[in-house]
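Each of the next two complexes has chain A plus one other chain: chain B in the first, chain C in the second.
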Partner chain A sequence: MSRWTMTYFSASIAFLLSGLVSIGSGYGTLSAVDAPDNLAIIHLIVIGWLGLLFCGALLQFVPVLSATHLRLPWLAAPALLALCLGLGLLTMGFLALGGRLPIDATIMSVGGMLLGIGFLCIMAMLATTIVAQRAFGISGFLVLVGLCALGVTIVLGNMFASLLAGVLDIPLLATHLAELAPYHAGLGILGWMTVTAIGVSYRLFAMFMLAPERTGARNPIAIAVPCALAALFSAIGLRFLDAAWAQTVTIVAVILLALIVGLYGQDVWRMFKARRRKTLELNSWTGLAALGFLALAAMLLVGAVSFSTNMALATAAFYLLIMGWLTGLGLGQLYKIIPFLTWLETYGPVMGRREVPRVQDLVDERHARPWFGTFYVSVLVGAAAILFGSDPLFRAATWIQCAAVAALALEYLRARRLSYAPLHVRLPPGAVRPHTICVTTQTKE
Partner chain B sequence: MQDTALQRQVDAALAQVLDPELGKSIVDLGLIYGVVKRQNTVHVTMTTTSRGCPAADFLVDAVRERVHAAVGHNNVEVELTYDPPWSPAMMRIKA
Partner chain C sequence: MGLEFKELDVRPILAAGGEPFQAIMAAVEELEPGQGLTLLAPFQPQPLYSVMQRMGFLHQVNRLEGGDFEVRFSPRATEVITSDGAQDAGSWPEPTRSFHLSDLAPPQPMVRILSELETMAPGEVLFAVLAKEPLFLFPELVKRGHRWAGNFDSTGTEFRIMIRRGA
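This part shows the complex of A and B:
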């Protein structure tokens, strides 16, 4: 059990809430997606919320996927510190660029470097853990491929930060900055996060639905994902040589992405049909709903890249990826991971000696279910607001999301504080109530 | 040496050990592969629902504890194996 996973999760939820409150309060606008205010909020949510969530979850999952202990575990705390500090400086840099903070925007490049260091630490821990096993299934393979995309995302991000801050002066790069920014976003959100989420969820869906695993190395996704990423990497290079070819290769990459989503959806459907657990828990249902948002986003993205010059379509597609797919999946899985980690910490050591509750006894789905529903509906409203260009509707949808996320965060806290555990087994002799934001006892690291 | 009476005794003792995630007895889930008594030691071979399960050490300790309580003075050895790997088809009950 990774000592810092809960701390990563706590920080990530704080970043998500701060991002949503900022949007609701009037920061950012739909009319200029690449405005500094928007970039500040987008990075706050994508790196602060999703990035930290993924890092924290992967520190826990990768040892399970690899059936070995986490390598270089001592890097987890410095990585978290570097990521939080780096994101703070990057956000301040964007605010300075937008004239909201009277400071030198060069701190952006320092922020970018710190983020790079933090992510490199994470990449080192995860990659060395996965490759320590000679054979790894599709889950481990996709996590590794995703790390490659993360590496390129970091390089591009650092170049952009240095350009915007005026630290780097490469006219050719500056000319193509606006064209390359979507690739930076695409590699981070699709190349790293989506590919990783697909890889990890193959195991999670099988575990939570009690379904046969579809994780064989011969899964066609194992070929389609590297091909899609190779196409994206090629398109980045072609942007400097031939814009028409770059566009064609980008369309190929996005069509491959849609194919991957189709293959993944088909596999999940087969697992769903073959499951032994007939009554699914809330986290499985929210995961399936998130998959629906991924399919919708993929369709919009194909339309945006292939047939449309309308930025709103691409923006709505990325919004659905970030909020509907990744955030929905993340919030849903936290609803299982947090009680599970809490159970391990609190009841694992006394299991077999004392009566203990089940993991599911640490939550009450009746409280959380309406908030997940509210969240998903508000994401659909937010996407519609982007398509119609309505800032007031977008802010209203964001406030509703904020309320849903706050309510779910309260449910996570209740699970962590054992509030729903039946009284007679809540704290049996020998069990220790867990700390809220960090793991106080360790089994293996 | 296989001992049906011992098997029943151990199954009864482990019926109270629940997989924390599934909330079902580890016996009903088919996680206990075998129970054998050699000389004065009871050997239990078991698995977990997935390789690398973070609760594996706790489950092994719980099995050792419960079996020891059930068979009294005998020594208890618990071996964790993934050969064969567990699959939902091994369950004795519906989840």
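This part shows the complex of A and C:
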């Protein structure tokens, strides 16, 4: 069990809540998506929440997917530190750019570099763990491909940070900054996170639904994903040469991505039909709902790049990807991962020797179910607010989201503190209550 | 790692009045070592079974919703993995207990196995069939001084494990 996973999760939830509170309190506006205030909040949510969530979960799951132990595990703590510090400096830099902080925006580029170092540590741990196995199925393959996209995202991000901070002075880059920004976002959210989430969820859906895995490396997705990313990379290069070609290649990339979403949806549907577990748990249902948001976002995105006059369409597509698909999936999987890891950590040593609770005794789905519903409805309202350009509606939707996330965070905390476990088996002799935000009893393989 | 399966759906070929045998053989040719083939067909491809068996593949049939069949062909031998000190598993005594746990949702198989081991005498052997390799169980077994050896069955859909109780 990875020692720092819970710390990553705790930090990520804190970043999500702070981002949502900022939006609700009036930071940012829908009228200018690339305003510094907006960029500060977007990075807070995408790197702080999703980035740390993905890193924490991958440090835990890549060893499981690869059936081996994590390589370079000592990098996990420094990576977390670099990511949090880097994100803090980057956010302050954006606030300085927007005139909200009287400091030198140069700290942005320092923040960008720290983020780069943090993500490089993560990439090193994951890549060495995956390639240590002779054969890796589609899950490992997609995680590796996703890491390439993460790498390019970081390089672009660092260039932007240095340009905006005035550290770097390359006029050619500066003139193309506005055109390149969507690729930075697309590579991070689609290229890294979405591809990774698809890869990992092949194993997770199979595991949680007791369905046959569809993990053959010859799955068409294994070809379509590298093609889509190659198209995105080429489009970035073409932006400097020929804008019309760049646009065409981008459309090809987005259509490929939509195709990938379709193939993935079909695979999940087949697993769903072939599942042996008839009554699904809440995390599987929320995962399936998240997939619906992914499909919706893919359709909007195809529309947005094909008829590129409507900025709101692209914004709504990215919003649905970030909040509906990735955040929805993340909140749902946390509802399974946290109780499971807590159960393993607390009761592993006494299992079979004493009576212990079941994993599902650590949660009470009746409490969480309405909040997941509330969350998803608020995401739909938020997307509608973006399409109609209504800031008040968007802020209202965000406050509701914030309430749902806070309520779910409380449920995670209750699971971690064993609050729902029946009293007579909560702490049998020999079991130790786990620390809330870090794993103290590390299981060695 | 579980077995990887390449998938071939011959239903469209048959629906169009075609003969899928060539496509199936082409797919088998393309399989990598250790890779299996999942075939989706509207009926059980009986004649294919003996052909595939001669080529070193075993099969397992699942009936799908709607009446079609999913046939999994998998290469026969799968690698045995063991804990430290379990290389002599071939000469362990016959298992005194055996369980089929592949239909239990994780982590119940882990709980069941650890509970059973507690009631066994040192040196006794337990055998269990699971849906996948129990990655979280392995370290717990070693920590408690037990030794284990296991592998996937020929179809790659079940993991068999032998565990010898430590002192």
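Of note:
We take it that the second predicted complex is superposed on the first by the 443 of 445 C-alpha atoms of A that agree within 3 Å, B and C clash if a C-alpha of one lies under 4 Å from a C-alpha of the other, contacts with A are read in each partner's own complex, and residues count from 1 in each chain.
As a working rule, a residue touches a chain if its C-beta (ideal position, glycine included) is under 8 Å from a C-beta of that chain, and two chains touch if they have at least 3 such contacts.
Quick caveat, the model's predicted, so the values are computed rather than measured.
When both complexes are superposed on chain A, chain B and chain C end up clashing with one another. When the two structures are aligned on the shared chain, A:G137 is found in touch with chain C, with no touch to chain B.
By the document's definition of touching, of the two partners only chain C reaches A:K273; chain B does not.
Once the two complexes are overlaid on the shared chain, A:F340 sits against chain B and chain C alike. By the document's definition of touching, neither partner reaches A:W192: not chain B, not chain C.
In the superposed model, A:A67 makes contact with both chain B and chain C.
Within the superposed three-chain model, A:A211 lies in touch with chain B and out of touch with chain C [touch as defined at top].
Note: residues 64, 66-67, 207, 210, 212, 276-277, 340, 343-344, 348-349, 351-353, 356, 358-359, 443-444 of chain A belong to the chain B contact set and to the chain C contact set alike, using the contact criterion stated above. Across the interface of their complex, chain C is touched by residues 64, 66-67, 133, 135-137, 207, 210, 212-219, 273-274, 276-277, 340, 343-344, 348-349, 351-353, 356, 358-359, 443-445 of chain A. Contacts from chain A toward chain B in the complex involve residues 1, 60, 63-68, 203, 207, 210-212, 275-279, 340, 343-344, 347-349, 351-353, 356, 358-360, 443-444.
By the touch rule above, chain C contacts chain A in their complex via residues 1-2, 4-7, 30, 32, 34-35, 38, 62, 64-65, 70, 103, 105-108, 110-111, 113-118, 131-133, 135-136, 138-140, 143, 157. Put simply, chain B touches chain A in their complex at residues 17-18, 20-23, 49-55, 57-59, 61-66, 82, 87-88, 91, 94-95.
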